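A single structure is presented below for examination.
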Amino acid sequence: MNKALDELFVYPKELVDEESKRVIHLVRQWADKEIISKRQEYRENYEKLFIETRKSLNLTIGLQRLTLPEEHGGFGWNNPANAPGIASILTEIGRADAAIGVAAAVKYTILAAITMAPNFDKALCDALAPVYCGEELKTFSLILPGMGNIGQDTPLFLGRSILASVEAESDGYVVNGKDLRPINSGAIADLFCVVCADKADKPCIALVPGDNANVVRGKTLLETGLNASSNADVSFNNVKIPKSYVISRQGVVEELYTWLNLLLGGVSVGTGMNFFEMVGDWSETRTIKGGYMMKENPLCASVLADVADEVFTSRLFLYDLAQTISKPNDWGQSGSQRVYTIAQVIGSKIQQNVMRAINRGLELMGSAGYSKEWHVEKHWRDIKTIQSYLCGVGAEAPVKMDTARFFFDCKDI
Amino acid sequence: MKNFDEFSKPEEYISPMDKHIRSVIRNWADKEVMPYRRKYDEDWKDHHIIEPAFDKLMGNSGIGLQKALFPPELGGWGIGQSDSAFTISCALAEEVGRADTAMAVAFMVTYWPLTTILVEPHVNWRLAKEFAPMFCNAEKAVFAANAMTEPQGGADIENLELTGGKTIRTVARLEGDEWVINGHKLWPTNSGGVAKLFVVPCTTKPGSTDLKDFAMIFVPAETKGVTQGGPYEKAGMAADKNSDIWFEDVRVPSWYRAHGPSMDAQIFREIIPWGLAASMGFMCGAMLNLYEILYDFVSTKTYKNKPLKEDDHIASIIGRIAGDIDICRILSYEAAKMGDRRNKPYGYPIYSDEVACKMRNLKDFVSDRAVDIFGKAMDVLGPYGADREYDIEKHWRDIKIIQLWMGGKQLCQMEAARYFFNCKTL
Amino acid sequence: MKNFDEFSKPEEYISPMDKHIRSVIRNWADKEVMPYRRKYDEDWKDHHIIEPAFDKLMGNSGIGLQKALFPPELGGWGIGQSDSAFTISCALAEEVGRADTAMAVAFMVTYWPLTTILVEPHVNWRLAKEFAPMFCNAEKAVFAANAMTEPQGGADIENLELTGGKTIRTVARLEGDEWVINGHKLWPTNSGGVAKLFVVPCTTKPGSTDLKDFAMIFVPAETKGVTQGGPYEKAGMAADKNSDIWFEDVRVPSWYRAHGPSMDAQIFREIIPWGLAASMGFMCGAMLNLYEILYDFVSTKTYKNKPLKEDDHIASIIGRIAGDIDICRILSYEAAKMGDRRNKPYGYPIYSDEVACKMRNLKDFVSDRAVDIFGKAMDVLGPYGADREYDIEKHWRDIKIIQLWMGGKQLCQMEAARYFFNCKTL
Amino acid sequence: MNKALDELFVYPKELVDEESKRVIHLVRQWADKEIISKRQEYRENYEKLFIETRKSLNLTIGLQRLTLPEEHGGFGWNNPANAPGIASILTEIGRADAAIGVAAAVKYTILAAITMAPNFDKALCDALAPVYCGEELKTFSLILPGMGNIGQDTPLFLGRSILASVEAESDGYVVNGKDLRPINSGAIADLFCVVCADKADKPCIALVPGDNANVVRGKTLLETGLNASSNADVSFNNVKIPKSYVISRQGVVEELYTWLNLLLGGVSVGTGMNFFEMVGDWSETRTIKGGYMMKENPLCASVLADVADEVFTSRLFLYDLAQTISKPNDWGQSGSQRVYTIAQVIGSKIQQNVMRAINRGLELMGSAGYSKEWHVEKHWRDIKTIQSYLCGVGAEAPVKMDTARFFFDCKDI
């Protein structure tokens, strides 16, 4: 590719300020230098490099503290107005490695519930930031509501089963939940954020330190993609946590979904952009019909155009969402029904589009598409994994119901 | 619906052997594959776990399927001479594919080169006799391979009408009563040290566009000058090994050429429908397995505290999945029947455009549906979709490979369009 | 491909009458419909142009197709008693649908109520004899109608399993040896003054969910108390008139009930597969016509100064269109065959879930493909796509109506899902 | 519907200034009062009302002069920064009647080539504005390149055949072209804008007054939708036009496509929004399964959600495009390869999305969907007509090739 990605995939430039641009630039350098330029090495020694590159990103560059307020040693990106900047960062990370991107997206999502204006919770931040956003690399894990099991009647969050519970006990809370499936890193997480139901079946979120002895982890899962994230089922057996570790303000679960959709969207757009680069290169080195360059065949060109289309529109969507979140005065807070719904709609579209981009592009690549040697198959597996997790239950069912609820005032669905 | 056997089949086409064959293979799959297949991914290089299952399927110590195509007088089952050869293959492909499409392809590609010499009306008895013992008398699985793809051209070779064989760089030279073969092939199923016998599409006159110069020559793997690389690592299909093969001054008897000038090109064209029909069968098998797994899942997991399948919207999604399976199965059998009509007055030869191009279209369609419904099924499973324990994501990876092989989607599209619209320049 | 007759048919299913029937109807279509059909839209109310074409198709002054279902001893052709009744219907639907799907539905809906009394194993000889002269002795077209839909419930009535007939408000009361019928029906094909004979699904006990209380009663249109409204104006399908029908104390003989308690509900369920199979045939017919038109267009119009069909990308689009036609035709014949297996040991009765629900799925699929490819074809034609002179946009409008009728897409989805996953509450 | 459309379908509010809002409001009032609230009357007396409502919109409200500079008596919306405002106006018109929308979209598209900064052509504007944007309602018609006929070797605009030609002759030009198909109003247009090839086969545009005797019109076409636009094929037989009536600056044809995609996008988004309102109302009045409201059934709700999704994302796309056009300093002029390509990609996506919204919604409406009584079928026919016209030739083929050319530097396709 001899064109700059940012010259091809347009976005509202005014949303990204000079400071953000500097950080974005740093991350892009990191991506190019530490991962993209050495894919083969990265593939052969993935486990080790995964940790090393995460460290250089989070500790050396310091992204672990990106969304902390400045008074907590952070970059001070804890305002909805930073949404476009944060999404851009995730895009750059996702372009290099989706698994590192997911870990970052989940961390920022959870921190958004704690640090993001106007809901900055200083006490909680005081308690958590030094431990989990300090000099050591720490991993967060998120457990969302989802499907239930037959014969079990659970509290619901907009149709989705909440399988964990909190109950007040003396000066704190007790968290319970069995065989919960996090969206990432269950086997290694240092801090869990879990959506629980309280005694009145109302949804809230609880933060659970991973080193508590009553946190029991299942065996590490083998998954389609994102294996480096080391996911596993988790059970909480009467885990005691401090009072301040439960956040029960109205709309807090919606906030998680809003940010998660934005940030995983960023990751997938980045992965999609890297895939775009790869398939572009491939189409120039490959000849077909015994002579001419693949990209000059109209049918192949149309497939390439589909790839570009999907990535292009995904990036538009990403900034449409970031822009919406960044203007709470125009459209409401991230926990409002409107912003939550929009995030769900756009979030799932981004995943679908990027998935389609890759599926289409693979068609052109033939065996190079599924051979590990060419690296694109990892993107394909990673994105599918993100997409399936984001669905939560029954494919797009919950998102479609959310959509109908907002746009048509449905009550019973 | 009672179970997955109720998915539509055109009942009038079904061979009398169908039920028996299915039950034997299903028994094998449930015993030899299902309990172990989650470990196949890590076994891609060594086949420690995979190999014994192949032996039980193909060798005489088990079902002995590898001899099925050979005539009974040579120790086989005579399916090559049957009027239902394609339809039976479809059933075999389904049943093995249900367990593991990679095993299905490795097993059935063994038939692939052999179809050129064992299927009526082109039985080459001399070669049939020559190779029968290798397959019919073996206790263990014995594989064959079709070494087609070359480094420079990708699947161009399958586009024989357009290129006339001009781009083929594997060359066979007749020296006395021996062919001397030189060339480099990539990717055939059952390479990487698996196959005992190759068929090698090649040219007797480099650069020629005269199809008389196209040759299909059998080469036993242990022949001097044949070198195979190690297997490639892939996104899926661990039971199917692929690698490079180099032929350096490889010498085989002159009568190892399948049939001779012109007929070899026709024969090469004839193997395509076999590959397409089998591909559809593999995918249908995987889809039947998808249905089994999905059925349990949507009956036991809940949304809004009701089983997923009792939510009208989710029902519409899984209904579409099952509906597509029903459709794909109908189409796969129809494709098989197009092959089995080859000797009927109302049928077309399998080298004809009618059969090859229509099948390309059907295979393209079934692939698209399969890719789509496996992706959708993973989404229905949500956080369990990507989990290997649920056995769907593996098929998802494999199915995509089936879509991409044999020239992939775009070649299918072009062949179909060329046929339906009589295009001249595609 | 030589021409549109080469689209795949499962050759083994084709009735010996197929070729003859097709050629007769094709001749009629080319002479009586094709030259005039562009004027049909404006003729929706009066049928001045449309009526003569119907007469030549259905009446004894022409082909006489309206008597085809009746037994030969009553003056018909005996198709109702044929093992290939569905398959022949599929061919009829295709050939008339190729010219005009609205004519096809108006013509074939005439069979619809009659299937309940003329098709083996449910021949009601007394009624057959009663109504045979009306259809078999007429020079002109004579139509029948199935007055199903009611104002409040939409297509709910087709959901008989779920509602048990509870929502039906058209009531039949037995008084002596007469049924007295009251109610209001909407939308049946061939209403608006066209039909001479109605069958009226109704209840003998309002609010009951006992299917024994469900009745199908024949009502000649001229019976006192039957009032029909004027035809509705629609987006397409001008040759098919629809309107309101009111039944006010309409009296018919007690033996005008098709079969009696329970059996009427089964019979009602049996007419659904007929409607579905015919719908698929109509769409296939329209698609065959699409192919003819598109073939000419892409061969004569250019992009980059080459015929459209010689551009690889455009070829892939039109190739998909043709490929889908091939697939839809295979599926439509398979659906028809499901119906024709009703009396075979390996078949299922047509009131069974196996047949009805699988056909719902196939009809849903074929409708989706048809809607899609007609939309795509219009885009291929660009500025000529919306132009009536190119005859594609008319089919585009009609096809959508076929997708929406008989309960529409969502009912198809629910019935299919219910069957495939044994859902209890959908 | 008891929700305001603008509260549901978000867009970047800052792009639409107060003045624009006032005009938008006026047009919405016109739409509600003159058309939407009297659909039945409008249907029965369409031909007459079509002209009356066009007049009240163009002359009474004065929209005929919207994009003229103020010195020419216009609203002064002749700067790319007005793109979002103009698109918004078209949305409001499209919500009422797509055919009126198309006439307006074509007019503004053609005027954009004449009046839009930085290419404002004062002389040409002086000549045309008084006649064609004055006190009488005047109709413009646009003839784009498209498909050719076999055996004919034509000059090309990015693959599309240019069937008309201009040749310099003494003090003016002569235009020729046979059986050209405009995208609208061929039978009644007062001024044609036709893409021609000059002697060097280079594309340019020519303005041809409809009252020239050498302009020969074919019979009025019967079409799927937009019949009120009275389209017909047109032939130019040596039509003489003044020198200034030919615009041949680099990229001028691209400019037409860019604006046309934006403005027809606006029309279709508006029609889609009105369809959304209609299907929403329908879903509340209809009961199914013998009891409950259609919108409360999860499957029906998911179809409704699809309708909302498609309209929602279409509107996002519309403003993404408007925003891109409005910032030539960020992304280039409307005739640049980038903006042209983006307009093509987004323009065709909008049409496809709205078409899908309507196709989906119709599924729920059953016979009410295709019965003329319920009015939705008109929207369905109109949008399909717009979409097919916009395709130009071979479905999305030219757009896909444009896309591949921009994103992958293809040369030969």
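Going in written order, the chains are labelled A, B, C and D, and every chain counts its residues from 1.
In the analysis below, a contact is a pair of C-beta atoms (placed from the backbone, for glycine too) under 8 Å apart; a residue touches a chain by one contact, two chains touch by 3 or more.
Source: prediction; values computed, not measured.
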item: Pair with more cross-chain C-beta pairs in contact, given C-D and B-D; value: C-D
item: Maximum centroid distance from subunit D, chain identifier (CA atoms); value: B
item: Subunit A and subunit B: spacing of chain centres that average the CA atoms, whole Å; value: 39
item: Centroid spacing, where centroids are CA-atom means, of subunit B and subunit D in whole angstrom; value: 50
item: Where subunit D touches two or more other chains, by residue; value: 297-302, 397, 400-401
item: Residue numbers of subunit C (touch at least two other chains); value: 298-299, 311-316, 410, 413-414
item: Subunit D residues within the subunit B interface of the complex; value: 297-302
item: Interface residues, subunit C side, partner subunit D - complex; value: 38, 41, 149, 152-156, 159, 162-163, 166-167, 186-187, 232-237, 242, 298-305, 307-308, 311, 313-314, 317, 371, 375-376, 378-389, 393, 396-397, 400-401, 403-405, 408-410, 413-414
item: Subunit B to subunit D touching residues, read off their complex; value: 311-316
item: In the complex with subunit B, residue positions of subunit C that touch it; value: 1, 6, 8, 10-13, 291, 295, 298-299, 306, 309-310, 312, 315-316, 318-320, 322-324, 326-327, 330-331, 334, 337-338, 341, 344, 346-347, 354, 358, 361-362, 364-365, 410, 413-414, 416-426
item: Residue ranges of subunit D in contact with subunit C within the complex; value: 146-150, 152-154, 156, 159-161, 181, 183, 221-226, 286-290, 299-300, 303, 355, 359, 362-367, 369-373, 377, 380-381, 384-385, 387-389, 391-398, 400-401
